[in-house]
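In what follows, chain A forms one complex with chain B and a second complex with chain C.
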Partner chain A sequence: MSVQEVLGEDPEIVLADKRYEIISEILEMSLVRGRRKWSSSDMLDKVFLDKWLGIPVFLSFMWMLFTFAIETSGVYMTLVETWMGWLGGWFTWIGNEFVVSLIVDGVIGGLGGVLVFIPPIFFTFLGISILEDSGYMARAAFVVDRIMYKLGLHGRSFIPLLLGFGCNVPGIMACRSIEGENDRLVTILVNPLMSCGARLPVYVLVAGAFWSSTQASGVVWSMYLLGMVLAVVIAFLLRKTLLRGEPAPFIMELPPYRAPTLHGSVVHMWERGFLFLKKAGTYLLGAGILVWFLASFPMGAPIEQTYAGMIGHAVEPLLRPLGFDWRIGAALVFGLLAKEVVVEALIIIFAVEGEAAISATIAATLTPIQGLALMVFVLLYVPCIAVVATIKAETNSWKWTLFGPVYQTVLAWIMAYLVVVVGGAVL
Partner chain B sequence: MLYTVALIGNPNVGKSVVFNNMVPGARQHVGNWPGKTVDKKFGKFSYRGTEIDVVDLPGTYSLTARAVDELIARNFIVEEKPDIVVNIVDASNIERNLYLTLLLLELNTNVVVALNMMDIADEKGYEIDVENLSERLGVPVIPIVATKKQGMDRLKDAILEAVKRKSVTETKITYGVEIEGLVDIIIRIINKDTGLAEKYPVRWMAIKLLEKDEDILEKIKGSTVEGEILKALA
Partner chain C sequence: MGFDKGKGQMVGIYTALIGVLYTVLGVIEIFGWLGVEILPRLAGLFFVVNDAFNGFVLLVIGLVYLKGVGSVMSGEREGLSYVSVGALMSTVLLTLYVANIISNGLGLVLGFEDWLGWTVWDDFRPGLILWVLAIPAVLVALKKEWRE
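Coming up: the complex of A and B.
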């Protein structure tokens, strides 16, 4: 008999089947599966991996995460705020108005405005670390994978998407582990929809301007949720149109549940938080100075006629329907540098000092619905330049590099517009 | 006389714990596999007057030519020819773990199975007839609980015995008349090239050729029987 007749098209699979047959024969004689004792890990999995309960459980853990992060950080934010105020006051001894403005408005106002968000960022990372160290995140991956697989997405996509919660750059780089070019491209293109840590300051600021901290954490949670849902929807659409193909199943080993240790979780939080601090000390510092410069020159001109004002006015017509004026427009353009810069720019352009003042200004400038639209827009529009550069590096294609930001901005506009229209109709 | 023992097993079966139990910390070394970024752990221990070299192979589920760590593991076994291959098996996941064991038996190596996590298997309600398992596989099977250092001396004794026995018994695992018929045809062809037949385990090569294993197809290139093998496979 020929090889083909005995082993068919895929001999490797035929032999693998044969080996498992032999294994079950052997075990039939040498293994007695007694009454299984229920371990606590099995009991937790029974609930956490349940077909119906899995997703609600996942969503409630995320809710707890943001409530914890935002409610806990309030006190610390006030503390950082107070320090920044003192620091700003202290620098007035310099005397030179120009230098004082650079330091107080540009560095302390702009960068300091972002530093206030260190507590919620760190507490969010702590919460994520605890969920990871306990073994729950792997279950979340499993539960979400079940939906993604049904929608035709590669199962291995979830891990890069999860990394995107920290920062989309490592998230996109992690897509290398995905076999299949189309699978990889889809995951890269939807990754920026996962709400990275840089967007958190914007949410906390805007949500905090309109709502109590309990409601605000719900709003932040819904932003993360919206990003995830849209990532899945867009991926599904791409799969059906531009990037067709069959998904590959994903085999994942679920680690046993472990009680997370304080030390371990704090170390993991620090590893992620440190990246933010590094970015703040270098990139965000530079961006703050740049925005301050653009908002101060031509020298002596009123803010509307500075370079920042001109940029804002240039984009204003596009943003008018969403209810954003030129000042928010300019902040959104500066947000291309990094999404935290939106907060820096708002503080500098509105020329206010401190988080409380900017909150009040935002509450006076926007309606709550417009605020919500702003958050949705910041979640979805063009990712920062670091992400665009990473997309270019990983896809090695200008076509996809351009496609990503373009579809995101269109999506951002449509979703924000929907918020304004639907919100306006409901209220 | 210095013997070499290779540790192999699926990921998360406690292979590192076994390694740490065997080799004292001061005698452990970490390096890289040549040209690869995969960690290579190795070390020495002496037991009842015998010096033994231990190499910890990468954790793998299978031994195909497609993944780097699997290729490292199997190349070490076929090319460096360790005296003993200790296969760490997770008793609480025995079905999946034995897949690798069967692949090792195909390689015609001197295998000792260390049946680890007996405590967890017990919790799961598994009762494993170790003697029967050993009988069916044709190799020694030693139950251990590596995390509690249970059964380590028995494992070391089994290694010494296996080293001294030296000869590898023909495997008892066969794949049924039809497949074995094909394997025999390929074996007969390979044996005509004595250079090739001495270099690698013949039965293993035959099976891998039937599986169209890329690495082995590469290895038979230039052999006098290459054409004949490819014809038989077609």
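Coming up: the complex of A and C.
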């Protein structure tokens, strides 16, 4: 007979109840109570933890966060783009056409195309920092846990999933805190469905190509929401099939609310944003040069006959039903290096300069429905190699390492196809 | 624990009015997005832009206010939680719109092409005007005496 059967309840809950019972007894004996104040924390928790309003309030704050990140950053993106354009023009004094192409198309065109998205990325991190510093995120974890637990996700999964909004690598590594092998595996496998910061440039680019900034922020918000919903649905399916079992309950002490300080929130934003800048200066720079090389060689060949063109044509038959041609196919393949590289690759392959030009090209190449399908595909398809390597390191299993990217790519294709078919029928 | 019932009824009636306004405008935004125009004069007065997501947030704020009405009217201090969080969410939404106006204003000042035709009215949203109407609710939320 197990401890759970003897107690008739989960031992962790019984232990927690006993612990608080003893604390209450000691307090009763040692504390002279005054008239209890109805604190600000009590007031806020009454609504933020409300059974019916908790989740809509959380979704509202998330929408406000993405609206702030996308609508407000438009001017600053133009500012960075103007500066990049000026920098690109400056290098034309170099006589050698090959070197100019490498610097202007490969480095400034490709990498610069991603650097344009620094403002929305930093604004997103600032918003998340404010929500975390205020103590609200812990409440969000509590509220979301009610649904997650019912659908098979361990309560402790929320924090790794939340970290996945920044980058899936630390999100997956944070799963170490989850007890129970199946609980941990489920969370690792659904973590890449949480939309990381690297996908944001793709969303901003594609949504901005088809919709006004007001509508675009709503579309981007819905991508994050779709990722969360699918993470819960896939966790539920895994729990019912491959990784059977009940998740352990979540016991969490809620921190007090604090007014976030500008200094604290900016520091936290910088800590996260600096990782992106570091990645841009090293990994994305290298990726940009690699894509430029593959899109430029064999030397003098038209773009569709370059190595990038060959890669794109190889995957085109699979992507054709979604409305994506070989150029988008090639960009998606390069996205395996890092999701931001999709934007770099699109700029290099379409041979355009700047965010406005690539935006116009996307709008001319795809319909709005296909654009939406592209965003869904980028959200869900095989994660970048760093994430795959982390899954291997954390699961120590080739089976699960291969399972993750395969199920994600199948899911991405099905969901994107549904968007194309249903969207096409409705509009 | 409660508070003066007379004050509670006053706050309750006002909260109900604000809650209904937020809810109605949220519904108008969502229906407008779906292509169904309702109460066009009210929509024009509050600068409705037919954005479903904006409408959803207005609707949630409205429901937060409305959920507190009953308990505030009967003098229960728990009801003030809803007034306070409604006021907080209204203010965060206002801050968002103001940040957007400042940012777009900067685009105009810098003379960027996409901002040349921009006017402050382009960024007017129902949440801006509703916040002005909700100021008394914000003041109620800020009063420390409720928490004693």
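The rule is short, and it goes like this: the second predicted complex is superposed on the first by the 390 of 427 C-alpha atoms of A that agree within 3 Å, B and C clash if a C-alpha of one lies under 4 Å from a C-alpha of the other, contacts with A are read in each partner's own complex, and residues count from 1 in each chain.
The rule is short, and it goes like this: a contact is a pair of C-beta atoms (placed from the backbone, for glycine too) under 8 Å apart; a residue touches a chain by one contact, two chains touch by 3 or more.
Note that the coordinates shown come from a computational prediction; the quantities given were computed from them, not determined experimentally.
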Contacts of A:Thr78 with chain B and chain C, given as first, second, both or neither: second
Partner contacting more residues of chain A (chain B vs chain C): C
Which of chain B and chain C A:Ser217 touches, first, second, both or neither: second
Contacts of A:Val47 with chain B and chain C, given as first, second, both or neither: second
Contacts of A:Glu12 with chain B and chain C, given as first, second, both or neither: first
First (chain B), second (chain C), both or neither touched by A:Arg33: first
Chain B versus chain C as contact partner of A:Asn396, first or second or both or neither: neither
Chain B versus chain C as contact partner of A:Thr241, first or second or both or neither: neither
Set of chain A residues, in rising order, touched by both chain B and chain C: 35, 37, 39
Chain A residues within the chain B interface of the complex: 1-3, 6-7, 11-12, 15-16, 18-20, 22-24, 26-27, 29-37, 39, 253, 255
Chain C - residues contacting chain A, complex: 1, 49, 51-54, 56-57, 60-61, 63-64, 67, 77-78, 80-82, 84-85, 88-89, 92-93, 96, 99-100, 103-104, 106-107, 110, 112, 114-115, 146-148
Complex contact set, residues of chain B against chain A: 11-12, 64, 94-95, 98-99, 102-103, 123-130, 132-133, 136-137, 173, 175-176, 178-179, 181-182, 207, 210-212, 232-234
Contact footprint of chain C on chain A as seen in their complex: 35, 37-40, 42-44, 46-48, 50, 53, 56-57, 59-61, 63-64, 67-68, 71-76, 78-79, 82, 214-215, 217-218, 221-222
